[in-house]
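Note that the chains are named A, B, C and D in the order they appear, and that numbering of residues resets to 1 at the start of each chain.
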Amino acid sequence: MTPESAFDSAALDNLLAAPLVLAIMLPLLGSALTTALPRLAPLLGTLIAVGTAGAAIWTTVAVWTRGPIHLVLGGWDPSLAIALRADGMAAALVLMANLVGLAISVYALGYFRAPDRAQSFWPLWLLLWAALNGLFLAGDLFNLYVMLELLGLAAAALGALTGSRDAITANLRYLLVGLVASLTYLFGVALLYTAYGTLDIGLLSSAIAADEPSPLDAAALTLMVAGLAMKSALFPLHFWLPPAHASAPAPVSAALSALVVKAAFYLILRLWLDLFEPILDLSASMLLGLLGAGAVLWGSWQALRAERLKLLAAYSTVAQIGYLFLFFPLLAATPPGPSRDNLLAALLLMALTHGFAKAGFFMAAGLVQTNAGHDRIDDLGGTAQRLPATTFAIALAGSALIGLPPSGSFIGKWLLMQGAIETGQWWWVVVGTLGTLLSAAYIFRVLSRAFGLEPTPIKFVTDARAEVPALMLSLVSVAVLGLASGPLWTLLGLNASGGGA
Amino acid sequence: MTKDPGRSGADARNDAAAAARAAERDRDLSLLLAVLLTLIGIALLGIYWLALNEAEGPRLADLALGLVPRTGVDNPVTAVLLNYRAYDTLMELAVLLAALLGIWSLGPAPAGFQRSGRALAAMVSWVVPLLILAAGYMLWVGGYAPGGAFQAGALLGAAGVIVRLAGDPSAGLPGEHAQRALSVLGVLVFALVGLALLWLGDGFLTYPPSLAKWLILLIESAATLAIGVALAAAYVGGRPATAPASTLASGKAGARTEPTGEGN
Amino acid sequence: MTTLLILFDVLLLGTLLALAFAAVLSVEPRRAVMLFIAFGLWLSLVWARMQAPDVALAEAAIGAGLGGALMLAAARRAARVRRSEANGSTMP
Amino acid sequence: MGAQFLFGGVGVVLFVLGLWSFLVHAPLLRKVIALNIMGSGVFHVLIAVAYRGDTAPPDPVPHALVLTGIVVAVSATALALTFGGRLMDMDKDGTDDA
């Protein structure tokens, strides 16, 4: 089918596309293998996790060296086939998600000691991973729907893995909310197909930009964003998140809070920037910003009042997602140019930092819980003595959540505030400051309990396989992302957004 | 907002008066929502009308129909499902697998299954083979007429449901190992074919036209088995019991291990 | 001729909506499921009328058939739990 | 276009009806039925968009999307009902497995 003359370029396309395909297919194959060979699940799962992370790094390197990748599967006309795409923003998130995923996998090896637990965990976790990579790399609206459903089902099943009544109740609710959300999203997709006759994001983007703005576009946007906002737990649609994330096993909580919610947010951002930029006005962005502000304040307040460590972490996720939504009105008010690129990079930096920090925090919280038999914050005295490395991880991740220097979120918040002042939207500064103060309060509340007056520890690390991944993630969130955030700007310069196909 | 789906009846009886008040409030709320959603529905109808008017031309219809001769099948829907948008279909098999794994992760199927009447049991002996035959026919015919892997898989699943209704708690499914292998067959074959094509230089899930027909048939056969097994196993509603003879040391799965609530 | 056809379509769709409303509004679980199955089968009829035989087959077999079977099993289970509660056999 | 609007309009009504029922009815089974009707509404809209009169062949792309959607819907239904069944068993036994 391929003409001879085009063969070389097709072969090159294949090579370029290989990491994208592998990043999705390896975990999918891994899931099938661990299902079929349950007794080998931990071994196979670990191998696949390493391979998938390798494919993700390869993807990022490919984008870094050659620019955005766009691959039409099946060799058909782009409007008919499904496309995969990776640009700077996608590559950055894929890299974060897969490094966190690798850490979660290592941690899970130690966490799920009982064989039948491990046998249930691995295939579902790899499916979740495939869905995450699939979402970050998708270029087709209906394919996104299928990925969203895969993500939702796998996440709910993983969340209920403890089998406790609380976990099943919370995750049943999560499942149902997720289903309503994805059907709402799908309705928006159906409207777009009705009007424009294609599902490819790049083609739709040009088609929407070519037409006069119509109520149809606004309706499709509303439906799709409403569905995704439910999935990203945007205030006040966050009600399902705290119980679901707090009742899941620790590695699962880490994946849900750090990655799954972020994937839904990423999709909103992509739709906003890629598809609907031409039809948006400031008021729509302002509404998202206001909801984000509500999330920051409400989530932080609830985290401060939480009695359990994991519940605190879950409410903190609601607040941190809120911060990301504060960027929308600023982006809308900033004309394209360096200051807008700065805002986008800051947004991404905060998302990445939260990904690493929250995963590290949940994993450390899980260790505290298994070690002490509970995670009541008031009874955490002596944790620093028993689990020094874990407590250190909590402190590091906590400082990234607050936004202390030199963490990535410090720079992110700084640029957020700067943007707010530059665009004359000073009220976001108030929200940001209040949120930061509240988060400082809830983190220090945990740390002040954990550092009780007890003899100094003998050994820093007590259980390397479980503690090191948590520590690494927290370290990345504080040090690496903060001190070496420069490459992010380069990567973002490679954005294909708005460019179309 | 959403109520606890599984409330026990006992506490519901305790406060009947409060429940009555709550019911009244619920009625008001449901009426309010009905009005609100009616308005939203009217707006959506208007939007839908706009969308129909905005469309120019046949959308993807002519393009999709025109290329069918090059897809290796004659049924346009199968062409979309297994060629143009094969990646979607692969992921959809993954969704089905996720549901099945989620069901299995909650432990063995609940006891207390009740047998149905004798008439049904007698019916099974001729309905089930018929369904399996029909599934094979449906799979084959899907290449050029209405039908295909999903319909065929559904018939297999239906056969499983009938077998279970007739009194076999395992719905006629094989032992745990075979069940696990069969339920991932679709994803496995599909993904491996896709990757092999990438390896050979055609591109991921890009069939060479000369092989397309047979590759699609291979994928569809695997998918049919997987869908059938997954649907029947989902109906059973729990992890399969391990056949004691065929395994070495897994007395665990069969012995109704209670979930231990790890770390909670 | 065309008016007759439109009348036929309206009748087809009216029945579909009536079944959907009935399924959504019935309180008794088994009745609701039965109505849902009827709705699904009728839906596949409508889809066959709209030149979508592939999807009609799938909806009849998967949506109405297997989905309905799953729901019926759940309804039967709910009824059994309710019955055992009514007999006072629940633990405190 | 008239037929498309007539058929698709019913899909819109089904979507809204399902959403309403999902929001106001508490029992799991009713929520699941509501979700399925909501989904059928979206599918119905897609089938209507694919329909091009009785003489022209229909657009196969939405048909394939709906087929995918049906399988996804039944998967979700199965998982949700299993969760619900587990909760019901816990109620019946009066135990909490945690």
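A few comments on the model shown:
Following the convention adopted for this analysis, a contact is a pair of C-beta atoms (placed from the backbone, for glycine too) under 8 Å apart; a residue touches a chain by one contact, two chains touch by 3 or more.
Note that the coordinates shown come from a computational prediction; the quantities given were computed from them, not determined experimentally.
For the pairs B-C and C-D, the larger set of C-beta contacts lies at C-D.
With centres defined as mean CA coordinates, chain C is found 38 Å away from chain A.
One finds 18 Å separating the Cα centroids of chain B and chain C. We define each chain's centre as the mean of its Cα atoms; on that basis chain B and chain D are separated by 13 Å. Each of residues 8, 13, 15, 19-20, 27-28, 31, 45, 49-50, 52, 57-58, 61, 63, 65, 67-68, 70-72, 74-76, 78-79, 83-88, 90-91, 97-98 in chain D touches at least two other chains.
Contacts with at least two other chains are made by residues 1-2, 4-6, 8, 44, 48, 52, 58-60, 64, 77, 84-85, 88, 92, 95, 98-99, 102, 106, 150, 231, 234-235, 237, 258-259, 261, 264 of chain B.
Under the contact definition stated at the top, the residues of chain C that touch 2 or more other chains are 54-55, 58, 62, 66, 70, 73, 90, 92. Applying the touch definition to all chain combinations yields A-B, A-D, B-C, B-D, C-D.
Taken together, the chain C residues at the contact with chain D in this complex read 9-10, 13, 16-17, 20-21, 23-24, 29, 32-33, 36, 39-40, 43, 46-47, 50-52, 54-55, 58-59, 62-63, 66-67, 70-71, 73-75, 77-78, 81, 84, 90-92.
Every residue of chain C that touches chain B in the complex is listed here, in rising order: 53-58, 61-62, 65-66, 69-70, 73, 80, 82, 85, 90, 92. Contact residues of chain B toward chain C in the complex are 8-10, 75, 77-78, 112, 138, 146-148, 150-151, 154-155, 157-158, 161, 231, 234-235, 237. For chain A in complex with chain B, the touching residues are 1, 10-11, 13-14, 17-18, 21, 25, 28-29, 31-33, 35-36, 38-39, 71, 73-77, 79-82, 111-112, 114-117, 120, 123-124, 127, 130-131, 134, 142-143, 146-147, 149-150, 153-154, 156-157, 160-164, 166-169, 172-173, 176-177, 187, 191-198, 211, 214-216, 219, 239, 247, 249-250, 366, 369-370. Those residues of chain D that touch chain A in the shared complex are 8, 15, 19, 22, 28, 31, 35, 38-39, 41-42, 45-46, 49, 61-62, 65, 68-69, 72, 75-76, 79-80, 83-84, 86-87, 90, 96-98.
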